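Structures follow.
Two complexes are shown next, each including chain A; its partner changes from chain B in the first to chain C in the second.
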Partner chain A sequence: MSKKLTLLAKSALAIPGMIATAQAAGPAGSEASYRYTYYTEDDSPEARDDSGGAQDRYKIQVHQFHILTPVTDKFAVNVEASYESMSGASPVYSYIADGQEDVYTHFNGASRERRYDVSANGRYYGSTSDAGAGVYASMERDYFALNGSLDGSIQINDQMTTLSGGVSAGHDWLNPNSGVVSDSGDVLMVNDLSSEELEQLAADAPARHAAKGKTKWQLSVFEGVGQIIDMNTVVQGSVSFTYKTGYLSDPYRDCVGSDAPLADNVPCDIRPSTRAAGTLSLGVRRYLPTLNAAVHGDYRLFVDNWDVMSHTLDLDYYQNWAPNWNFFVNNDVNFQLVPGVRYYQQSQAYFYEIPDLNTTTGSAYSADTTRYYSSDPRLSHYGAISLKTRLKIDFRQFSLNGSVERYAANPAYGFNFDDDTPGLPAYWRFTTGLDFRF
Partner chain B sequence: MRLKWLFVVLCVVGVSGCVTVSPWQRGNLAKSEMSWSPDALESTLDGHIYFAKEASSGGGAAAGGGCGCN
Partner chain C sequence: MSARLRSFGFKAMGGPCNVHLWLREEDELTKIEKELTDEVRRLEAKFSRFQPSSLLSQINRGELNEVSLDAETVGLFNYVDQCFDLSGHMFDPTIGSLHRVWDFKIPNLPDPRDLERALQHIGWKKVNWDGRTVNLTHNVQIDLGGIVKEFAVDRLCTLLKEKGLIGLVNLSGDIAVSQAPEDKPAWKVAIQHPRKAGAIAEVDLAAGAIAGSGDYERFIEIDGVRYCHLLRPDTGYPAPNGFCAVSVIAENCLLAGTVSTVAMLKGELGHAWLEEMQLPYVAFDQALQAYSSIEV
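Here is the complex of A and B:
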């Protein structure tokens, strides 16, 4: 089959309603992709870092691989894998220091860590439906996660409406880095410590000790409906519910290190052992024929029983440009520029609190958190703004991709003008990569 | 409960307000930039980073696992 005929067939098969005629809806060709991402967080805020100076925060390099290939005309396999290497300091506790009014954050440096993950999914395509099954595994020295999922969709109403649904279940195993260095110079994991070393760890780093041998599992379900509105517009709505149980605290949150009288009363990080969360997602895609462009709008409402409620709004504009010059036409050269903005806002978890070490009697934190407590900035009331621009250049069966994102989180962005949260991140993300269709 | 009703109303309004689009009129809807996630790897990494940096995650599809959370 000629290249142009293959592209035409591929395009036709992607059109809802053309599937029954063609007797197959799976991908007509294979695709392989690679992405390299460099992620770098801004230094810790010097004025609020209790070490007295700015520290390098997380820097991560990510390599991603993806291959999608049809096995038969009704069955396709999709595999994704990634490798990350990361290093840098992260916030481990926040507090209002004795004799101070401002919030200070303590950052711990991290040794170089690596993470690998792989997911594989098989999908069967019927004339007006499809069904898929997938497995996912993520491996770090201190964390192993395994997940399985089933999902499917069916088209009804003259294939104007798509109903979809799915379920996934996962189990995670924790084995935190103990910080104890062996005689050979290796940093030992908690599960590798002797009983004497464990006793010492319980005194020095109780949160890491508490996570020894802990696990958690989660179950997630979603239902969605997609609807074609007209020749250029499609909308989608979905709801999901996720239940997690097990060790949901962060083993790397340390206890407050201070000589203040009540500092010893502040726990490290104790979160409920269950979490139930629901989401409502709405999306719209609108093609603008006169501009050869498309607009994407997505909204997500998240609520959970930790009292976290968040709103996420994503807007993207896809501008295509295909120069009508011989070289570009002959080589299928197309350009696509995609500016986008993402806004995120969340309320705080009911057990989030910054302990005030100026307190001299009782506890340094309020009575509402006597059972559960965390000063993790990710559980605070804040907002985040992200600006992103992507460029894709098609050349024959190749696509070259590049993108840059600037993300900044701040209480004021979430309309919280009362609190100070110096541990919230701001980062740059640069990505480049190549797609190959064959 | 109110959210559930809002969702149902939105679905009914959305379905009743549309016209039948024949298969041969769906060329624009089939363009890659009209898909829900045009770049699979970008979507995966977006989900992982926002999951690690924010208190909420999921939505749209069944959730995955993994940490790399600092």
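Here is the complex of A and C:
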């Protein structure tokens, strides 16, 4: 289709009443897709890794499958499944060693894990509304999560305004890896340990022991509104509230080695058993007809009762290109290149602190962390910058996708020039995949 | 339950309208007929430039300058704006002042001074469309006659689709179908001969729409030269050396009508425009030589 015809056809179809609402609602055809993602974190910082050398951090490979198929003209089913394999070292505690000023991070040894995810949802499409219900399950050796959701949207005001809302609930079961190796060489899970082994685990890895048989619940609600301003501009806003309760600590956060001075004063990872969080999201999509491009801008505010407040800014530029190639036949190839940038900044949780084990201070902490405590870098005051580019090529009923993303997190990016957080990751993520419509 | 082909007709937007429907026994023809005619009357009452109470007349009188317009009008004006740009400013709904100086009932060309004055009131940009409001200046007047009939055809066809009905809508030769008829793979649609009564070609239409423009609808002939009612906004005259008739097939009638009208207005560049747009078309030049991208 020529560029001019594409623009004209889009303008015509944008006129309210041009499309049969009952017809336009549901997906017209089926779609199947596959995605492969390779995620690789930079090595641990050699100078701040207390093992004395750089270690391989997480590398993750993800295979995702997706199929969407209309069952009737008003009902469609969407099924997704993914398989992840992960390996690499991760930070388990941070501290300032006796006689030192810098923060050191202890990384655990390389681990290998697999995760299986599956989700299915059905969606009913009315003339100006839709409603969906879905279930999601995620399984690792040390974790099982089940989630259900309901959501819907309705278009009002001559279909210029879309109101949406939803609710989801989930339950997670934990069964951490104990680190204990059986006679046959298998690593045992906490739930599989004998009472003697559990006693030993309580002394060696109290966080893993504390997570035995623990679960957590999560409930989320969201409301959103989208408004078409004119044929080229859409604005969106939404709010959400999430409440979590149960075991919210990280069982794999270890304690500072017991031979370190003041180590007795340092617990492993004890987080509150409830977390309430709210988000406010605002977005604008502006189509630029003369450039056949679009700009998407999004802002997200996150606040919770752990005193974490974060701001996320996303800016993506969608450049479409339809070269209208005609060699032997009409090769209707369309390209879409999407460079983008994301900025993230968060404040620290009120119970986050790096223990200072200098014996001259007499106390590992400057604040009271007797109830709750964590040195998890994800709860620190930091910022992150992400640069990403995605390319999509449409040819007949196929779409080929590829993307690359570079992410780096650092306290200074979050305007925190006082702290040092060597456990924060930096990574590359590469994704490729194929969509097939039939 | 088998369906039967039923038809009804009425006059609207200055021409005859015919609707052919495959109806089951339980379908109520009277109710459907009323709903479709009501929709055409609604659009006529809203966008007629002759009815003083129409929305368009209010806009043309400047009463709605800088007032947010309703979503349907916004959609149509956005479409016009796009057509104006993509057609190289050939598609311009402000050429109404030219129709006051051209009289196709008498074989006289307009006075050049009158034409010059009329051209000063033409120009879509003088409407100052900002995507939501207008601010008419230079005594400019909007005439949506070039798209409202086609839009009405699409609206009726959309109503048929929403009811799951198989049908064909024909409003003064602009045609759309909701889907292929029950008894054949496609509807047979005749294309008007540009120089005499009857058809010059026939096309199969299983889905979408066909719309045409030609120099045979309203014209005068002076010294063997035909001057038709399709007037260019830049010269005030019809395009010389162009097609005498163009029919275009598209997914909707609005698109088909716009592309065929612009092909007529572009004159000798009309053929290149049709090729560029890549829509199925049938066109005839002044010697009635056929140019076609499809089998007819």
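As a working rule, the second predicted complex is superposed on the first by the 402 of 438 C-alpha atoms of A that agree within 3 Å, B and C clash if a C-alpha of one lies under 4 Å from a C-alpha of the other, contacts with A are read in each partner's own complex, and residues count from 1 in each chain.
One rule holds in what follows: a residue touches a chain if its C-beta (ideal position, glycine included) is under 8 Å from a C-beta of that chain, and two chains touch if they have at least 3 such contacts.
Just so we're clear, the structure is a prediction, and the values are computed from it rather than from any experiment.
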Which of chain B and chain C A:Ser249 touches, first, second, both or neither: neither
Where does A:Pro289 make contact in the superposed view: on chain B (first), on chain C (second), on both, or on neither? both
With both complexes overlaid on chain A, does A:Met160 touch chain B (first), chain C (second), both or neither? both
Touching A:Thr105 in the superposition: chain B (first), chain C (second), both, neither? neither
Which of the two partners, first being chain B and second being chain C, lies in contact with A:Gln345: first, second, both, or neither? neither
Comparison of chain B and chain C by chain A residues contacted: B
May I ask you to decide whether A:Ser44 touches chain B, chain C, both, or neither, giving the answer as first, second, both or neither? neither
The intersection of the chain A residues contacting chain B with those contacting chain C is 11-12, 14-18, 21, 157-160, 229-232, 289
Using the touch definition from the top, list the residues of chain A that touch chain C in their complex. 1-2, 4-5, 7-9, 11-23, 127, 157-160, 229-233, 289
Sort out for me which residues of chain B touch chain A in the complex. 3, 7, 10-11, 14-15, 17-23, 25-31, 33-36, 38-42, 44-45, 49-50, 53-70
Residues of chain C that touch chain A when the two form their complex: 70-72, 74-76, 78-79, 82-83, 86, 131-132, 151, 154-155, 158, 161-162, 164, 250-252, 254-255, 258-259, 276-279
Which bits of chain A are touching chain B when the two form their complex? 11-12, 14-18, 21, 33, 35, 37, 39, 58, 62, 64, 66, 68, 78, 80, 82, 84, 86, 90, 110, 115, 117, 119, 136, 138, 140, 143, 145-147, 149, 151, 157-161, 166-168, 170-172, 218, 220-222, 224-225, 227-232, 234-240, 242, 250, 252, 277, 279-283, 285, 287, 289, 294, 300-302, 304, 306, 308, 310, 312, 318, 320, 336, 344, 346, 349, 378-379, 384, 390, 401, 403, 407, 409, 425, 429, 431, 433
